[in-house]
Structure formats: C-alpha cells, structure tokens
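Each of the next two complexes has chain A plus one more chain, namely chain B in the first and chain C in the second.
Right after this comes the complex of A and B.
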C-alpha cells in the first residue's frame, strides 16, 4: 500500500508511464523483438540529452532558463577531441572545466547581477558557439578507441550506458534530496519568501547555473567519446530538446516543482519519438520539426490543465 | 535590552522614519501603533535586516546590531513575522519549518521521516492543528500565519518582531497567540508587536509606542494610555464617531439568493435591499469569502439561484459579473486587483475606460485626469501625485485606490472581502465613510470582516456563517459583538429561538 501511495504521489510517475507506453509501441513495431543491445543503444543515444536536460531542469526549477547549454556541450566536445592526443586526463579535465566556467559565467550574470536569463544565455549561447568553432573548425579530432569501447560497451551484466543513465537519474534525485534541492524548489516557488526565510537565494541560484554548465559539459564529453569525434555544432541540436525533455518530464516552466527522474524519462521519451519517426518512414529532418511541435503541445497541455483547474476550484 | 537610537530613513522624497529612539525591555511586549505610513513597519524592517537605516544605530544587549539581510538578523537572534507572509506555498509544512536546518544523512540527503516527525512535534508543542505534510498553499490564511509565527518562535529568537501578525487570525487564533506571547514574555524574550486592533494592543502589550509621520510621539505603559488618547496621538485629531451614521436601507430588493451550494457552501439563502450593508461574520474560513466569490463567478457553484435586480443570473466569468453590476474587492489586494507598478490614475480608471466619453475612440486625457484628481482629494490618498506608482503607497492607501477603482464603475452590488485587514484606524474611518456613502447612493454592499466590531459598526444585517451555512441572521439592534461571537462559536444568544 505504501508503495502504491508513493507511486501515486511521485512526480516521476506520469513521465515514466509515458515512456513505457511509447517503448511498448516501439517493441510492438519491431515485432516483439527487443534485445539488451537495443536498450544499450537507446541509453547511449539518450545519455547526452539526459545529462544536459538534468542541467536545464535545475535552472528551470529556479524559474530560469539556459539557452547556452547546447553550445557548452559543443565546447566540451571540441576541447576533448583536440586535447586527447595529449592524454585523457587533460582532455577530460579541460572539457569539464569549460562547462564549469560557462555555468559560473551564466550564474554570475543571472544570480548576482540580476540580468534576464533569456538574454544572458542567448548571448553566451552565441559566445560558446564561436568558441567551439575556434577550438575545432570542423568535426573530427581524435578520441581513443579504448575509451569509446569502455563507455559504450556491454560489459558485465548491465551495459555501461544503461548504468551511466541510471547514475544520472540517481545524481539528480540525490541533489533534490539535499537542502540545496529543497532551496531550489523554494526559490522557484517564491524567491522573495525564500529570501525572507533565510535561504541564500543568490548563492543557490548561482549553484543551479554552475551545476547546469557542468552537466552539459559531461553530456558533450560523452557524445564526443561515443561518436569518437568532437563537433563544434553538436550542441546546437540540444538547445531546444534540453528544454523539451524537462517539460516532457512534467516540470512546469515556472519552476518550483518536478522530479529529476521525470526529466530523464522525458529525455528517453523524446528519443523514442525519434525512433518512431524511423518506423513511420520519415526522414531525420523531421526531428527538429517534431521537437518544436512537442514542446508547444506539452506547454499548451499544461496551460490547459491549469486553466481547467482554475475554472473548477477544489 | 534592544535599544534603538536616532534611527532615520528616507525613501526618495519621503522621510519615512525621523530620529526614532526607544528601548524594548526583556520579558516585555512593546506595541508600536500609528496610522499606515507612520513608519512602524519601516522601523521593524530595519531591525529585521530588510531595510538599512540611513543613520542612527540599533543595539542588542549592548552590542551594535548591524544587519544587512534577514539571514544576518536571524543569526543575531532577531526573528520576524510580517503581514506579507514569508512561507513558500509549494512546499510542505515540514519543509517550510525546517527549510534551513532539516536533519541530514552523512551524504547530505535530508532525513525526510525524521524531518516530518520533528515538524509534527513542533506543531503539537505549539498546539497548531495542521499536518506536517500538508502543502502550505492549501492551508487557509489564518493557519499559514500561525505556522509562520510558530516557525519564528521555534527558532528561539532573542527578539521577536510581529508586524500585523494577527491580521488574518480569527478570535480563537488570537487567543492562541496571546498564550504564546505570554510564554515568550515569561522566558524573558523581547517582543515588538504591531497591530491596528486596539483591543489586541491592550491584550498583548506592556508598553505602547505611538508613531506619527515617521516620528515617535509618545511612549507609555499600555494601561496608562486610553484608546481615545492613543488615537488622538496617532492621527493628530480625536476619535470622534468611529463609524459613520447610517441611512435607512431602501425597500426594494436588490439581490436575492437561494440555496447556494458548492464545495464549501451548503445551501445559503438571503436577500439584500438596495442601500443595505450586509455583514458576514463567523470564524475565519467558514465560507464567507467563497460566498462573495461565488456571486462574482470566481468560485464554482453546484447549485442555487441568484436574482439581481429582478433578473436571474448565472455568471460564469468575473467579466460577466462586472457587466451585471457586481464589484468585488478581494482580501489579498496585492495578488488581485492592482497593477503595483502602474500609476494611481491608471489603476483607478482602467476598469472604467469603456464608459468614459471617447470621441473617435480616443479618451480625453483631461477628463480622465479630472476624475482621478477628484478621487485622490476626496479619499485623502496620501501620495506624491496621480502619476506615482501604486507600489509607492502604504497598504491602506492602496486599498483606497482599489476601492475607488470599483466605485467609479457605479456597481449595483459591492462585495468587500475583509478590505480593512491591516489598515490603520484613520484610514479605516475613511474607508467606512466611503462604504456608507456608496450605500446611501443605493449600492447594495456585502461586507466580510474578521473584525467583529467593524461588522457591528457598519452592517444593517449580519449573517453568521458556520461551516458554509448561515447559523444566525441578526437585524438592526440584534447586531452586537456578543451575539455575533456567540453564534460563531456555537452558542445561541440569550433569548434566541433554539
């Protein structure tokens, strides 16, 4: 009973159910054959989006938005590809440091200078797009094959990408279980009241942006390793999906609510919709169109729901 | 001891606090009284770290108290409860109570069950009957205010600042606070208390400091300061007759309501004559607000009949109710009804724009300005001018703007939902006069107030609501504070039919 109640109340239940239903459709379309290898591929494909989506989630939770997270992925991807010849440690360190720096920059501008997050991150989006191209003008570079094998492999019982995806969800859940998570929800709910209650609003909001930059960097790094190449434009295709995954994960754009596990499910759902395109014989070119339509549909559905609630108060 | 010395503060061209000095003693409650805009809240906010003084100093137990944020004030043991609540609606009661110090596991996850238990313990220690996993936004206003008080007291402050902390409390809840404050006094705490209800000042406070126009004009033992003298000190003129005389209501029925039912209301029927003031009494949250909101189409009805001026009506949206001649002034004026950053003129006339003469679709600015200037003068709104943003006004003056916005539309039925909450005595009197004037002009008025004396002073008829239905209807001379309170807490007044 307690478990049933927990499932009923969890904010991740809806997005999880949505993902499972779509997964069932895909399995049915494949004639009932779905191997561990398919799951492994799905996890490897979705991991960058799950990471950047989780970062976006922390920012949206405090009523912000970060349009620069995609290009931050590109920067990390390029730094890694360029630096791997000098050793894995400097390459990985530089890739992550790039994301941390980007997140700190956004955090300082938004949280401490009180600038509009849309404008700030629209500007830094452009900055990081430029930096990526300066670091690596065309897709390429060198990624050690061994590392690619290790991080995409089907070793032991559960394939590595699936483990990494679970770790991502667990990390999100852990952050939200701490006082930082509580404060992020409080700030999203009512920043003024949170401040008056003694929450360090600026510092925690800053932390959300810094965390987002770091997670985006990890997403870019993984995508470079998995495709064994860095790309200065890889992140551009994540700008909108990172927001769509959060919204599909059941998080309102006004913040304060929503579950990190839901966001990972949102990322999975978005990816599954991509494979449904394949079964519908539609070209990949439709993915961008579909992403946009989905984002509007979900936001509209949420608005409709709150409209219905307002019309029928409890 | 908390010592305030030569405190001074300007907001733009307004000298909000002038050279204020006083001592607040341990094991004692100091009341701060004064009209809205007299500077009480600014003094409290300086102590709470919300506002920084321009000059002067504050000393707590001999050490300088320099606080730049609420957080720093908390660290120095200065805790505050303001009228505008600082609780976070989307979090649970437990999360709000333990926002800063929830128990953690070694890996820093919050121990949720332990936190819930700790919260439940705190709630029961302070006799607050709410569940620790209730969402705060779902609680009635009174409970939220009690929760905030509990949160402040639980942090065990040296100084507790209560700024209009009783504004949303019903009578029983105020008694609860009286017991709590007595306990704090016995523990040797310093308590500063702001209220606009004089009975509360005499109940709670040992000493009273009176402020007027930013200056502290008098400080005395509470027992040695009669109400008349306090009002004179606050306003600069005498109390006179607090409530305006009333004209007899007209005969014609304006509104009749039969069997209104909703999630909260359980078959409410009554009728209202043109020019009548109908008061809604009872404990907080017995369906008074919902009844008014239902008439305004802002609360969903499951059944019942509403007849206004002989016509059955069933508005589905507030704009339809407005078109039918109904105006509603809500409780939480900052949330509903005012554009805080827009000018006073804009706020007064935007509901009216459709009705101003507008040749070729253009509104004559001069005509609009005339209306606004006239209203500002007549309502004695204290402001730099009609172009000043509403945010710059004190709470009572904001309320007058909102009231005027609706009165300019000449409504047939005016719904007032606890509109004098947190308004000072002088402004209250002005609002009473406005209400009576509207009634004399034939407007039917339904008035809900948590202040029983206000119902007695203003209403021709009072309906006492208990759990969504009418417990008693009091007319004319039957309207007394005792009868209202008796009906509200379940006893029938003497001689009333069982």
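Right after this comes the complex of A and C.
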C-alpha cells in the first residue's frame, strides 16, 4: 500500500505512464516484437536529450531558461572529436571543461549580474556556436571505435546505454535529494521567501546554470561518441527539445516543482514520438513541426487544466 | 508578466519614465560614433556618405523586424518565432509572385497572412491561455520551420517583382529607398507609442498588468495585438529581404533573432516591459549593424565573428545595466 501511495504521489508518475503508453503503441506497431536491442537503441538515441534536458530542468526549476545549452553540446562534441587523437583523457576533460565554462559564464551573468536569462543565453548561444565552428568547421573528427562500441554496446545483462540513462535519472534524483536540490526548489517556489529563510539564492542559481552547462557537455560528448563524429551544429536541434523534455516531464515553467525522473521520461516520450513519425511514413520535415506542436500543446493543456480547477470550487 | 516577482521589476526611472529610455541610447550613440571613427582609422575613408547609407540600409531590415520585437518586449513578452516567420513569409512571397509584377498584390497578401496567422496564434496562446512567451514563440518557430519545409519541399522557388527589388535595393538620390520607407514606418511607430491610445495601453500592460486591467484595459487584446504586429513586421522583413537577396532561402530569418532582441534591449527598453520605445531600438539596430559591418570588413572567420558578436552584446548588456542603475 505504501508503494501505491508513493507512486500516486510521485511527480514522475504521469510522464512515466505517458512514456509507457507510447512505448506500448510502438511495440504494437512492430507486431509485438521488441527486443533488448531495440531498447538499447532507444536509450542510446535519447541519452543526449536526457542529459541536456536534465540540465535545462535545473535551470527551469529556478525560473530561468538556458537557450545556449544546445550550442554548448556542439562545443563539447567538437572538442572531443578534435582531441581524441591526442588521447581519451584530454578529449573528455576538454569536452566537459567547455560545458563547465559555459555554465559558469551564464551563471555569472544571470545570477550575479542580474541580466535576463533569455537575452544572456541568446547572446552566449552565438558565442558557443562560434566556438564550435572555430574548433571544428565541418562535421567530422575522430572518435575511437573501441569507445563507441563500449558506450553503445550490449553487456551480459543490461546494455550500457540503458545503464547510462538510468544513471542520468538517478543522478538527477540524487541532486534533488541534497540540500542544493531543496534550495533550487525553494528558489523556484518563491525566491524572496527562500532568501529570507537563509538560502543563498544567487549562489544556488549560479550552481543551477553551471550544472546545466556540465550536463549539456556530457550530452554533446555522448552524441559525438555514439555517432563517432563531432558536429558544430548538432546542438542546434536540441534547443527546443531540451525545453520540451522538461515540459513533457511535468515541470511547470514557473519552476519550483517537477522531478528529474519525469524529465528523463519526457525525453523518452519525445524520442518515441519521433519513431512514431517513422511508422506513419512521414518525412523528417514533420519532426520540427511536431516538436513545436507538442511543446505548445502540453503547456496549453496545463494552463487549461488550471483554468478548469479554478472554475470548479474545490 | 505576472510570473515576474514584484521585487525584480525595475521601477520607472526619471521624469515621465524617460530616464531609462534615454540614458542607454545616449551611451550607444557615443559608442556608435567611436566605432565609426575607429573604423575610419583602420580603413581610411570608411566614414563616407555612401558607406553610412549602406549601413543605414542594412539596419533597415533589422529595424523593421525589431518594430514587432519592441512592441512585444514592451508588454513584458518576447518573440523568438521571428526567424522562421521571416523565412516562411519570404518563401511564400517568392513562390506566389514568381517574380511577376501582376502577382505582387496576392503574393504580398499571402506573405503578410503568414505573419498574421503566426502572430495571432502567438498572441492568443500567450494572452488567452497564459502560455509563457518563450515557450509559445519557440514552439511557433519550430512549427513555422516545419510548415516552411513542407511548403517549399526543401527548396524555395520563385522570385521577387521589380517593385520589391526597388524598395529593398533602390536609391532615391543618395538615400536608399528602404531607409525612407523605414523612416516613415518608424515615425508612425514612435508617434503611436508616445501619443496614441494604443501605445499608452501597451506601456500600461507592460508596466503593471493588474493596474492596467483595473483601469479598464483589456490586457489580452493589447498583448495579442502586439504579437500580431510582430508577426506582420517579421513577414514584411521576409518580403523585403527576399527583394534584397533576389530570392528567398531557408534560414534567411535566422540572422535576425538575436539582433532584433538585442537592438530593443540595448535601446533601453526594459526586458520586463513597461518602459522604453522604438527610438532606442533604432539606435540599437544601428549599433549592431555597424558591428556586423566591422566584423565583415576585418575579415574574420564565421566562427570568430559569432563569438565576437555574442561577447559584444553581453558587454553592451552589462554597460546598459550599469548606466540604467546609475540613472535610477
């Protein structure tokens, strides 16, 4: 009974149910055949979005937004692809360091210098797009085949991408269980009240942006490894989906609520809608159209629901 | 909007709320003058009538799309959908007209209809359903991208009638026709914002939606109208830019998003709405166009240009912030 209660109260239940229903549809469309290999592919495809979505989640939690996370992914993907010939350690370190630096920059400008997150991250978006072009002008570079195999392959029991996806969700859940997580929620709920009760609002808001940059870098790094190439434009296609994953994960854009597991489910949902397009035999041109419609529809549905609730006296 | 906690809203500064709107443009004017002089040292003869007019012409495209962005930001919102509204309208315009003067009116109507529908949808979503402006317009940008790709099947076709080419690239004596048209539009916008009833309502909604509602203004209508204007301004820019380039192309609107928003904010309009105006945006558009021209002249790679452009905007935002603080 306790478990039932926990599921009923969890903020991740809705997004998880939505993902499972869509997964069931895909399995039905595949004639009931869904192997571990399919699941492994799904996880490998969704992992970059799950990582950058989790980063966007921390920022949205404190009522911010980060439009530069996509280009940050491009930077780390390019750095990795260019530096792997010099060894895995410098490549991975540089890719992550790029994301940390980007996050710190955004955090400084938004949290400490009080600039609006939309316009700051639009401007830094241009900066990071430029950096990735300087690092790697056209998609390419070198990724060791061994690493690609290792991080996208099956193991004896559970395939690596699935483990990494679970690790991403667990990492998010862990952050939210720490004092930082509590403070981020408090700031999103009411920054003034949080400040009054001793939360260092600026420092924690800064931390949210820094964390977001780091997670975006990991997403870019994984996408470079999984596709065995770096790309200076790979991140552009993640700008809207990173926000859509958060919204589909049941997180309101006014911050303060929502769960990281829900965000990972939101990323999975978005990805599986993409594969439904494939079954419907629709051209790729529909992908961006449908992403836009989903984003607006989910937010509009939430708005309508709160309207109805207000209209009906509790 | 109502999401913004009261304590983070900057108050109106200066007499008649003009303070914040004037200090920043004054700074930018000085900066623009310095930029021109610096360029003249680097490249002797940079400051010539022809060059200044050329920059004014380029600033005109940005200036037109920034009309909509100014109105939207004055309500406390933002429009991120202009990239693909510009492109979509441009592609529809060239495809419908096919370069024939006889098709000018239907093509113009079709292109403006694209902007009208996108802007109206943005406005209704934001004002009636309470969807966050960032999400609504970002989603609309993707929708317009998808629709444009489907409409053009990946390759825009057609051409621009001579009238639009003249409007976008012609000269009346030493002055580009586009600059004259822009000046006329700008005069209308500035007068409407300062003296018109609509302008007062717009500023009122942006400054304090509650007070505005209590004083009998229908906020939803004002906000919807602002996004509608933004859609139309973006569509008009698409038409003009197609005329300038001689054709429409995918991604032709991408270059306007950051500059349009930056021009408004650097021009002294508060990103929280309620204070500012189009005069500052014009100066912001000039500042950014001079910057683009300099970056093109000094022959940097595309990547380095993006980096410098972004960093200069961040620096300008910080300067702007400091000068506004000093004014308060």
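Here is the rule we go by: the second predicted complex is superposed on the first by the 313 of 314 C-alpha atoms of A that agree within 3 Å, B and C clash if a C-alpha of one lies under 4 Å from a C-alpha of the other, contacts with A are read in each partner's own complex, and residues count from 1 in each chain.
As a working rule, a contact is a pair of C-beta atoms (placed from the backbone, for glycine too) under 8 Å apart; a residue touches a chain by one contact, two chains touch by 3 or more.
Being a predicted model, the structure only gives us computed values, none of them experimental.
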Between chain B (first) and chain C (second), which, if any, makes contact with A:300: first, second, both or neither?
-> second
Compare chain B and chain C by how many residues of chain A each one touches, and report the one with more.
-> C
For A:114, select first, second, both or neither according to whether it touches chain B, chain C, the two together, or no partner.
-> second
Thinking of the overlay built on chain A, is A:288 touched by chain B (first), by chain C (second), by both, or by neither?
-> second
Which of the two partners, first being chain B and second being chain C, lies in contact with A:198: first, second, both, or neither?
-> first
Contacts of A:126 with chain B and chain C, given as first, second, both or neither | second
Return first, second, both or neither, reflecting whether A:182 touches chain B, chain C, both chains, or no partner chain.
-> first
Who does A:137 touch here: chain B (first), chain C (second), both, or neither?
-> second
Taking the superposition as given, does A:240 touch the first partner, chain B, the second, chain C, both, or neither?
-> second
On chain A, the residue positions that both chain B and chain C contact, one per complex = 190, 192
Would you mind writing out the residues of chain A in touch with chain C in their complex?
-> 63, 65, 109, 113-116, 118-120, 122-134, 137, 190-192, 232, 239-240, 243, 247, 253-254, 283, 285-293, 295-296, 299-300, 303-304
Footprint of chain A on chain C - complex, ascending = 3, 5, 7, 78, 125, 129-132, 134-136, 138-147, 149-150, 154, 257-258, 261-262, 265, 271-272, 301-311, 313-314, 317-318, 321
Can you list the residues on chain A that touch chain B in the complex?
-> 174, 177-179, 182-183, 185-186, 188-190, 192-200, 256-257, 311-314
Note: in the complex, chain B contacts chain A through residues 50, 69-71, 74, 82, 85-91, 95-96, 99-100, 102, 104, 107-110, 112, 263, 299-300
